[in-house]
Structure formats: structure tokens, C-alpha cells
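Note that chain A is present in both complexes that follow, paired respectively with chain B and with chain C.
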Partner chain A sequence: MVDTIILLAAVLVFPGGLFVLALGLGLKGVDRRIAARLQRRVGPPLLQPFFDLVKLAGKRTLVPEDACAPVFLGAPLVGVVAMMVAAALIPIQGVYTPSPILGDLLVLFYLMVVPAVVLMVAGSSSGSPYGAIGFSREMTMMLSYEVPIVLVVVAVALRTGMGQGDGITFSLTEIVHYQQIHGAFLLDPAMWPAFLAFLAFLPANLGIAPFDIPEAETEVLEGPLLEYSGPALGLFKAMAAIKTVVVLSLGICLFLPNAPDGLAGLAVQILKLLVVMTIGMTLLRVSLGRMRIDQGFAFFLKLPMALSIAGLAAAALV
Partner chain B sequence: MSTYTIPVGPLHVALEEPMYFKVEVSGETVVSVDITAGHVHRGVEYLLSKRTIFQNITLTERICSLCSNSHPEAYCMAIEQIAGVVVSPRGEYLRAVADEIKRIASHLFNVGIMAHLIGFESLFMHAMEIREIMQDVKETVFGNRMDIGANCIGGVRYDLDDDQRSWLLGQLDRLEPQIDELVGIYTTNRSILNRTQGIGVLSPAEAIEYAVAGPVARASGVAYDVRVKSPYTAYDKLTVEVPTRTAGDVWSRAMIRLSEVKISIGLLRRLIEDLPDGPTAPAERPEIPAGEAIAKCEAPRGELIYYVRTNGTNKPERVKWRVPSFMNWDALCTMLKGARISDIALIVNSIDPCISCTER
Partner chain C sequence: MSLTRSQIVRSLSARSPWLYRINAGSCNGCDVELATTACIPRYDVERLGCQYCGSPKHADIVLITGPMTVRVKDKVLRLYEEIPDPKVTVAVGICPISGGVFRESYAVCGAMDQFLPIDVNVPGCPPRPQAILEGVAKAIAVWKERL
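Then we have the complex of A and B:
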């Protein structure tokens, strides 16, 4: 019983649920502010993502006539729940260790695919041709970035496992623990190719320029999200906010989890999130235009693919 | 692979104005395009025949915001032909000044929007920031940011004193290095080149067949510019360089616009420095006899032709104009064929369509 309550609290309050939602929206606010300053604009208030969500919550959700209503409305819910669970799976060094019952890196991996799948389902169930284009683009992008990121994760798992002398480990807790003792993988030159491949994966998975292809506003009118309004759209925004934190935290976990215990550890975690977001997302999106879907696909088949294979080889051999 | 239809417009974030493209696509490739127009028809031609010849200058200015100087200019030139009014040298120079200022602002707006369509928001903001210099110039000299109200029959309604002239030259000095920087970005940035080169191609032969005008024609190798072919106002006293490119793609059109901005800066310097003395407009309104005339000028988007017929009363009997976008948007069917969905907006924007001019 107590275990169940602890698990529920982990998923719904901390570090999943409310905490990760607030953190994600806060990060989004900072991201928009930094981007605005880089473009010599004033930018929105830091709390603007919260205001947007509150406003959307108070509006009506319109279901298009051609849409399949249960799927159309269910998709964002599934996405948010999956992301909340995913957030509860990622350890924060010195602050939070996920219960082994929730699952390991492989479960997290499946959960991280859910937002893309949910967007595809949403796009195809909305009955809009733009949704359908968004669907096909989302799928193409997923196919292109999924292989490199699997290789990156395997590289990290292999490095940890070999370091511990038992082959390969998919436990995030152990990966974090290993780095806390032996030093971060970010400082290990053998892991740099894998890290670079992860940096390429980041914008593709989060839908940020130059890979904001499936939701490109000026091309396909936000694609899958086109027909969404009100609370359902709000759920998608919440999903995106949580996903940002999940993906960034996974990166921190895999490459630089080292932190002190207690509240200081939490502060360090948030600081790392801010730094990774600014470098990996904000700077990227203000300095680049969007790629075409074929260009994006070709890009991932070349550089990140090569980097991730090199990363795996380096992790195993060096 | 089966095809399906996607609607682009009539209201679409990527289009500045309402226009409806029924695009038949197969996968991500466009098979055919059907253009439906008429969403912003306001009956301006009819309205023109209900107002007096002098009121119409104000009305023609409001046909469109980006070419808001070219419409009244061509209209006034047609009326001047009918009335036999000769514009003073100073008036002619000032007309050309207004023309070039509007051209710079319009071209910068278009290349900025191109960056926006690629999703390159920083470059879009940067181009708009540079354009702001020209907007400030318009506000300072004419008192308005878009509808500058420069023309009247027989001359212009504004004058430049020595202070304004030196201030204007200062603003041009401020503008020029920033334009150079922008040209550099548009020539070297991979984001721009990857997305705009080789798409929406219109070959020189097709350009002639469609009789496209303005930067669209010049990007396809047709060196046609009204300022050179039949000089009006002060352009016969200047050497206007006509840049051309042969690739005929979206990128070439943007580069043509940027080159024209550079040339316009040079023209403005000459115009301001050589500004002759004299009156800017006749003291009294001329009598307008019965007659008909055609006048044309080079609007930012290309050749703008006005036909005016008067019958001796104070209202024109018929005013009719042909805008460059009318010729250019037909060529879109060729440019869009075989394009990808992601490039539709970019190609449409590359002809710098002015829907409100065309549908009036």
C-alpha cells in the first residue's frame, strides 16, 4: 500500500506530474525569453507558458466532424500520462532514485516514443489533410532519429556494464551511480561521439529548428495540432513541456549526472537543464532555418548515424 | 501513388493575403495547382468612377499598402498626359525619391518574409529591423509609415529642405552596410541556400511566355525595367542598373530584390544630391479635358500600367490598371508543378504576390 502511494506520488507530484510540468513550462518561458533577447525583442513574460495553459483550459475543445472523437480526444491524454511516468523513471542524482518496479532504460525508451506516436495518431484521426502530412513527416523523422539514439543509449549502457564487469546494464540508477563514482561520461573522450549524436537527436525529438518539420507552422500549419483547440490542445502543450524535461534529463543522466545530495542536487539539476536547453535548443533554433523533410532524413542517415556507430564502437573498444 | 487535395488558403499563415490554391499532391509532391481568386474584391475600379479625379489620388493610394506610391503615381501621370500638365523638374525628382524609398521597404519586407517561411525567425527579425530604417524615413519625411501621400496632379505634395536632405543621406549611409551584411547572409547561409535554391524554377523561355514582370522576370534573365525601357519622372536623367540572373529560382528572386535595394540606395543618393530648385507642384489645379491616356511605372513588383479615360466632367469615365502580380501569379502554376509541399509557401512568396492590387 505504502509502495503504491510512493509510486503514485512519484508519477503525479515529484519528480513526475506537477513538478515536471511546472519545470517544463518554466524552461519554456526561459527559452522564449532568451530567444527573444537574441533577436533583439523584449519577449513574453517568463510565466507566459503557464498563462497560455490556463487560457486553453478555459476554452472549448472542438472535435471536427470528420474526426474519430475517442481517438482524437484520447491521444493527448495518453501522451501526457506516458510523459509523467517517463519523468518518474529518470533518477536525479542525490535527490531521487526511481523504484525498480517502474522499469529501466528500455521502458523509458518505449515511453519516449509515445509522444511521437500520439501525434501521428492525432494527426491521422483529425481528418485534416495537414494532419495527414504531419503524420507522414513525424513518422519519417522518427525513423531517422530513433536508430542513432538507440545506439547512443546502448553505448552508455555498455560502457557502464563493462566498467562494472557484467556486460551491459540498462538500469539508469546504476548508470548514474557508476558515473558518480568514476566520473561523468562527458569527460571521457571515448563517449564524445555518442554525446554529439545525442545533441543531434535533441532538436529532432523535441521538434525544434532545424527539425521542426512535422509541426512547421508556415508549411503545414502545425500539422497534427491543426484541428486541436482548448483543453485538448493544452494537454499537447503540457506533453511537449514535460517531454522537454524528460529528454534533457535523460541526456544529463547519460552523460553528466554528478551532483551533490539534497536540495543542492535539485538546484544543480535545474541549472544543468537550463544550460543544456540554452545550448541544445535555444541557440540552435535562433540560428538556423528549417530543413526540408528529405534533407532532415538524409542528415540523420549520415552524420548522427556515423557518430552513434563510432560512439558504440568507442564505448566497447577504447 | 494516389493523389489527394490539400487546400492552401484562403486563410493561411504563410500567405499575407487571402488567396486560395487547390493543390493536388501525391505524397509530398505537387501534381497540379488550381488558383481561385477574388476573395478581396472591393470594387475599387467602380468606386474610382464615382469620385472626382482629385479624390481618386487618395483612393488609388489605398488599393494596396506595399505599392501605395506606385498606384497614385501612375494615375497622376495618366491624368497629366490628358491635361497636358508638365511636372516641374523638382517635382519629378521628388517623385522618384518617393518611388525608391517605397521600393527599398517593399523588397526588404519580401526577403524578410522569405526567412520567416523557412522558419529562420532571427533573420526575419533582422531584415525587418533593417527595413525599420526606411519606415522611419517615410514617417519623418511624409508623416506616415505606409501610405505616404506623395503625389498630386502636376507634382508632389511634399518637399525636402536642406536639413532633411542631409538627414536622408545619413540614413542611407546607415542602411547601406546593413544591406551588405544581409546580402552576405543570404548568399552564404546554408539554411537559406538549402531551402531556396533550385525550387520554383521559371526558365527564361517560360518567363517570356507568361510575360512575367519585375524581379520575377529579371531573375529569369529578362532584363525588363520600366525605369529603363520607358523612363518616367526623373529616371531619364539617371543611369538605372538592371540586375538579372538566369537561374529563375526562389533564391535568385530574393537576390534580385536585394541587389535592387542596393541600386535604389545609389539612385536615392543621386536624386537627393542633384535635386533641382523650383516649385514642387503647380499653384492651381488644372482643368482636366476629355481624353484618354496610358501611363506606366515600375512598382516594386514590376510594371504597373494605368489606363484613364475622362469625359470633361470632374469624374473619370473609366480607370483600369494592370498590376504585375496579375502576370506573375499565372506563372505560379508552372513554378509549383513538381514542387514539394514544404516549398509551396516559399514559391508563392517569391513572386511577392499583391492580392489586393490584383483583385481590387
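Then we have the complex of A and C:
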């Protein structure tokens, strides 16, 4: 019984649920502010994403005539719940260790695919041709970035497992623990190719320029999100905010989890999130234009793929 | 003075007006002004919480440019219906008011407010970015009342 309550608290309050939602929206606010400053604009208030969410909650939800209503409205809910569970799976060094019942890196991996699948389902159930194009683009992107990220994760798991002397480990807790003792993988030259491949995966998974191809506003009118309005759209925004934190935390967890215990650990975690977000997302999206879908697909099959294979080989052999 | 819950929600929501542009047969002059209003750092509308959205279903404030031409009339009305309530309409340029240089043309339906409820007019051919920003600010005030 107590275990169940602890698990529920981890998923709904900290570090999943409310905490990760607030953190994600806060990060989004900082991201928009930095992007504005880089373009010499004033930019929105830091709490802008919160205002947006409150506003969306009060608007009317329209369901298109051609849409399949239960799927159309259910899709964002599934996405938000999957991301909340995913957030509870990622350890924060010195602050939070997930219960082994929730799952390991492989479960997290499946959960991280859910938002992309949800967008595909949303796009195809909306009955809009733009949604259908968004669906096809989302699937193409997913197929291209999924292989490199699997190889990156396997490289880290293999490195940890070999360091511990038992082959391969998919427990995030052990990966973090190993790095806390032996030093971060970011400082290990053998892991640099895998890290670079992860940096390329980041914008593609989060739908940020130059890989915001499925939700391109000027081409396919935000694709899968085109027909959504009001609270349903708000759920998608919440899902995107939580997903940002989940993907960034996974990167921190795999490559640089070292932190002190207690509140200082939490502060260090948030600082790392800010730094990785500024470098990996904000700078990228203000400095690059959007790729075409064929360019994006070809890019991932070349450079990140080569980097991740090299990363795996380096992790296994060096 | 105690704030009720709905007042708090209303004042928070009023800080997030999303803009949508409808071109009702405009010559593109006003549309260029709208684009620069958003893009040029000096006239940044994002500081009011605004953001341009690609879909009419995400919009709160509609910016309409151009005289209502015969060809686009039905499409504009249909698009307007797709925007969820509450919404505010801003007519940008002289054309939605009187037809501007296209006045009395065989291809123009006439003043925009015969077809749509217009809340704010921003006259000019094209209006200055400052005027458009003022129009958007007025629209936000109107929008706050409707929430």
C-alpha cells in the first residue's frame, strides 16, 4: 500500500506530474526569452507558457466533422500520461532514485516513442489533409532518428556494463551510480561520438528547427495540431513541455549525471537542463532554417548514424 | 478588494492572445506591415504575449486585411467560423473600412462590417506598425472583457 502511494506520488507530483510540468513550462519560457534576446527582441514574459496553458483551458474545443472523436480527443491524454510516467523513470543524482518496479531504460525508451505515435494518431484521426501530411512526415522522421538513439543508449549501457564486469546493464540507476564513481561519460573521449549523435537526436525528437518538419507552420499549418483547439491543444502543449524535460534529463543521465546530494543536487540538475537546452535547442532554432523532409531523413541516415555506430564500437573496444 | 477565481483566470488568459491573419483580397501591403510588426525587433508583439499561429483553430485575435473581394468572400466567412469563441476581430488597413483604392470595384463586396463583426479598425494604406500594435493592444482590452 505504502509502495503504491510512493509510486503514485512519483508519477503525479515529484519528479513526474506537476513538478515536471512546471519545470517544462518554465524552461519553455526561458527558451523563448533567450531566443527573443538573440534576435534583439524584448521577448515574452518568463511565465508566458503558463498563461498560454490557462488561456487554452478556457477556450472551446472544436471536433471536426470528419474526425474520429474518441481517438481525436483521447490521443493527447495518452501522450501526457506516458510522459508523466517517463519522467518518474529518470533518476536525478542525489535527489531521486526511481523504484525498480517502474522499469528501466528499455521501458523509458518505449515511453519516449509514445508522443510521436500520439502525434501520428492525432494527425490521421483529424480528417485533415494537413494532418495526414504531418502524420507521414512524423513517421519518416521517427524512422530516421530512432536507430541512432537506440545505438547511443546501447553504447552507454555497454560501457557501464563492461565497467562493472557483467556485459550490459539497462538500469538507469546503475548507469548514474557508475558515473558518480568513475567520472562522467562526457569526459571520456570514447563516448564523444555517442554524445554527438545524441545532440543530433535532441532537436529531431523535440520537433525543433531544423527538424520541425512534421509541425511546420508555414508549410503544413502545424500538421497534426492543425485541427486541435482549447483544452485538447493545451494537453499537447503540456505533453511537449514534459517531453522536453524528459529528453534533456535522459541526456544528462546518460552523459553527465554527477551532482551533490539534496537540494543542491536539484539546483545542479536544473542548471544542467538550462545549459543543455540553450545550447542544444535555443541556439539551434534561432540560427538554422527548416530542412525539407528528404534532407532531414538523409541527414539522419548519414551523420548521426555513422556517429552512433562509431560510438558503439568505441564504447565496446576502447 | 478580493479577486475571485474567474478574475484571476481572466487576467492570466488575457496575457496570451494568439494572432491569426486573414487576407481578404489585400494587395499585400498591409500583410507586409503585419509581418514586419512581428518580425522587426523594434515592434516585437511577442512581449504582449502574442504569437502568430498557423491554424485558425488556435487563434484568439483575427487580423483581417484587404477589401472583401467577391472571390474570397465565402472562404473568409468559412474561415471565420472555424475560429473558436471568444474571439476579437481587427480590420487592418483602409480597405476593410471603405474599400480604399478598390472602392466601387465590380470585384469588391463592400465594407467588411456588413459580413463580420469588426471590433477594432486600424486605418491606413498601409497602417504604420505602431498603429497596428496599438490596434492589437486595443483588441487585447476588448478580448479581456469577453473572456
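Note that in this section the second predicted complex is superposed on the first by the 318 of 318 C-alpha atoms of A that agree within 3 Å, B and C clash if a C-alpha of one lies under 4 Å from a C-alpha of the other, contacts with A are read in each partner's own complex, and residues count from 1 in each chain.
Heads up, the rule we're going with is that contacts are C-beta pairs under 8 Å (C-beta built on N, C-alpha and C of every residue); 3 or more make two chains touch, one makes a residue touch a chain.
This is a predicted model, so every value here is computed, not measured.
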Chain B and chain C placed together on chain A: clash or fit? clash
| request: Tell me which partner A:Phe50 touches in the superposition: chain B (first), chain C (second), both or neither. | output: second
Note to self: According to the stated criteria, A:Arg290 is in contact with first (chain B), second (chain C), both, or neither; which is it?
What the structure shows: first
Inset, instruction - Classify the contacts of A:Ile213 with the two partner chains as first (chain B alone), second (chain C alone), both, or neither. - result: first
* Have a look at where A:Leu38 lands relative to chain B and chain C in the superposition and call it first, second, both or neither. => first
Have a look at where A:Glu227 lands relative to chain B and chain C in the superposition and call it first, second, both or neither.
-> second
Exercise for review: Quick one: classify A:Arg60 as touching chain B (first), chain C (second), both or neither.
Suggested key: second
Discussion item. Going by the contact rule set out at the top, does A:Ile133 touch chain B (first), chain C (second), both, or neither?
Written reply: first
The intersection of the chain A residues contacting chain B with those contacting chain C is 39-41, 217-218, 221
Within their complex, chain C touches chain A through residues 9, 12-13, 15-16, 18, 41, 44, 46-47, 49, 51-55, 57-58, 60, 82, 84-86, 147
Chain A residues touching chain C in their complex are 32, 36, 39-45, 48, 50-52, 54-55, 58-62, 217-218, 221-222, 225-230, 233
Chain B partner, complex, touching residues on chain A are 35, 38-41, 129-130, 132-133, 136, 209-210, 212-213, 216-221, 285-295
As the complex stands, chain B meets chain A at residues 4-7, 12-14, 27-28, 115-123, 125-126, 129, 189, 191-192, 194-195, 340-345
